[in-house]
Amino acid sequence: MSRAALLVLADGRFPAGGHAHSGGAEAAVKAGRITGTASLEEYCRGRLHTAGLVAAAFAAAAVLGAEVRELDSAADARTPSAALRGAARRLGRQLLRAARVAWPTAELDALAREFPKGAHQPVVLGVVARAAGLSAQDAAYCAAYECVSGPATAVVRLLSLDPFEATGVLARLTTEVDRVADRAVEAAREVVAGAGVDALPAASAPLMEIGAEWHAGWAVRLFAS
Amino acid sequence: MHLDRDHHHGPVALSADAHRADGSRRALRIGLGGPVGSGKTATVAALCRALRDKLSLAVVTNDIYTREDAEFLLREAVLPPERITAVETGACPHTAIRDDISANLEAVEDLEDEVGPLDLILVESGGDNLTATFSKGLVDAQIFVIDVAGGDDIPRKGGPGVTTADLLVVNKTDLAPYVGSDLARMAADAKAQRAELPVVFQSLRSETGVTDVAAWVRERLAAWTA
Amino acid sequence: MDRMTLTGVHATARIVARDDGRGGTSLPVLEGEGPLALRRTRGSGAEARVMVVGAMSGPLGGDRFGIEARVEDGARLGVGSAAATIALPGQGKEEARYDVRLDVADGGELRWLPEQLISARGSDLRVSTRVDVGARGRLVLREEQVLGRVGEEPGRLGSRLTVRVAGRAVLDQELACGPGALGGWDGPAVLAGHRAVGQLVVVRPEFAVEPMAARMLGECAALTPLAGPAVLVSAVAGDALRLRRVLDEALAQLGG
């Protein structure tokens, strides 16, 4: 078991389907809400403290051994957009596929059997992190970072944004990613200390949810979500 | 720790596993790549027409824009709609067929689950990158489609598609006189790049059409199921 | 009677709706408290109607308001409010709380359609709404939040809405906005400058058999099926009027 496994798991090139998802950025770009570096940064910041916090807490709770089916059901309740629930399950399934080759364990095989159509990605991420020997905090970092790196990469393609600027956005958000990961782990500890899945954050972002439904109805789009 | 590769009741397959979860041999997967406009989708459509009566077929498209190629195949009615799936690629088909094949693997498995046992799945890549090749984790064989109008020096230039594809198709031979392409030179260059690997020159407008490519696919399938 | 403390008013109103056995609904419990007065108004058909009448504006900082309503098997209850609720700053620095607990039994029906909650400048309010609906219970619930009175900066507002059907959470959503809320709340991912945000939740047993398809309702509102026999309409708008128009339209499309 090695801490460097975190680098493997958090690598943007980890083959788990993330490249085809924009984290809602494609809809926000088309709606004119993301037009450049500044609005990308505010988008990522809002996403980090809502969907990012929730994803990080779910991933951390899964590492700490919270019951996967309960987590998955609680993730459903925190994802009102049917399009986003679908995307989260597809990404969960894709992540599990890659992880079962990278860190083959009986627990991952069992998860694939239990959720043939995929569990929510952050839940899978937590179980995978545990299989890779990583901590709850590692998983929370991975989930929180992924939720901002996805849109940043997508906006480089969507707006031909200078990739250095997009990377600058991610660099400026790092201290907030730290805070989100800490809060997520705190919530996850409460879950396993007996408070149950209700203790998990449920921070929502109305425009991301609405935008996801809008995006899912387009006939022509570059990204899957 | 073993990977349950041949475990009959194991979880869903991982990548290139040749068997389904129930232990039966899965469909042969053939990838079609090549530059924009070389006739990949037209070749897929012609292959479907040529093979659909004898084989259970499905197609996965990887478009730059979500469903363009899938829509073409649907309009042409080469297969029933439930046998055609479009994978979103985040503007990068080459990533989806080579670097991160997870969405394509979902698509081929879902097709087998939903329309029943298949003999053959054609996986088409959008033509965003002349060097794009399919991962061995996704397909069992790949066809690279170029055309005479794209320049008769493409075979000479080589590149992973031209050099390593299991079959190189030089399409639109009927246009050669109009665009000044030297077919003999293309054939010689291809031979030099590919040694014994086969090359087919085709015009989908001619009477023979996709016959040679279809025959090659049938051979691969015979070898796959043998 | 409500309890005045150094930090604020504590008041809870309670409603119980019961099938009266004659095709109507009786209200064996209808208890207002302090600023939360309840009036029974003319109902329609089997439904009993209750209006929450705010006897004074509030909640102010430090106040603890609560409403508890229980709808029993076979009863039908409609609850509205006479005016918008305005969260205002209090004397102290303490936040105010408004907790709504709704319980709809198997075979009960609740229509919870209060007026908007307006977060005035300098206020600090946490709202929580928790609804438990039985397996065959029915619910229509509207929640609207308006950030600031006209031309005014909003106060701090945190809300959580949880809806359970047959014990399973089908919706759990928190929203935090205003000064002191975490970054990005007014940015392109969350509200993007919109000053009114609302949700309409409809729970019906028939959605389990025939789920509704997701669809857009204009540019900034969407209807989406939840993971259970329920749908959510989520909307943001420039102001309270426009928000209400979208939610009313959605409710009409859902057959009221």
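Some notes on this structure:
Labels A, B and C are assigned to the chains in the order they are written; within every chain, residues are numbered from 1.
Methods note: a residue touches a chain if its C-beta (ideal position, glycine included) is under 8 Å from a C-beta of that chain, and two chains touch if they have at least 3 such contacts.
This is a predicted model, so every value here is computed, not measured.
Taking the mean of each chain's C-alpha atoms, the chain whose centre lies closest to the overall C-alpha mean is A. Pairs A-C and A-B differ in how many C-beta pairs touch across them, and the larger number is found at A-C. With centres taken as mean Cα positions, chain C sits 55 Å from chain B. Taking each chain's centre as the mean of its C-alpha atoms, chain A lies 29 Å from chain C. Spacing of chain A relative to chain B, judged by their CA centroids, is 32 angstrom. Across the complex, chain A meets chain C through its residues 24, 28, 31, 33-34, 39, 42-50, 73-74, 76-83, 85, 176, 198, 201-210, 213-214, 216-217. For chain A in complex with chain B, the touching residues are 13, 15-22, 90, 93-95, 97-98, 100-101, 104-106, 109-110, 112-113, 116, 154, 157, 218-224.
Interface residues of chain C, counted against chain A in their complex, comprise 160, 162, 168-176, 182-185, 187-192, 194, 197, 214-216, 219-227, 232, 234-236.
On the chain B side of its complex with chain A, the touching residues are 1-4, 10-12, 14-15, 64-68, 87-92, 95-96, 99-103, 105-106.
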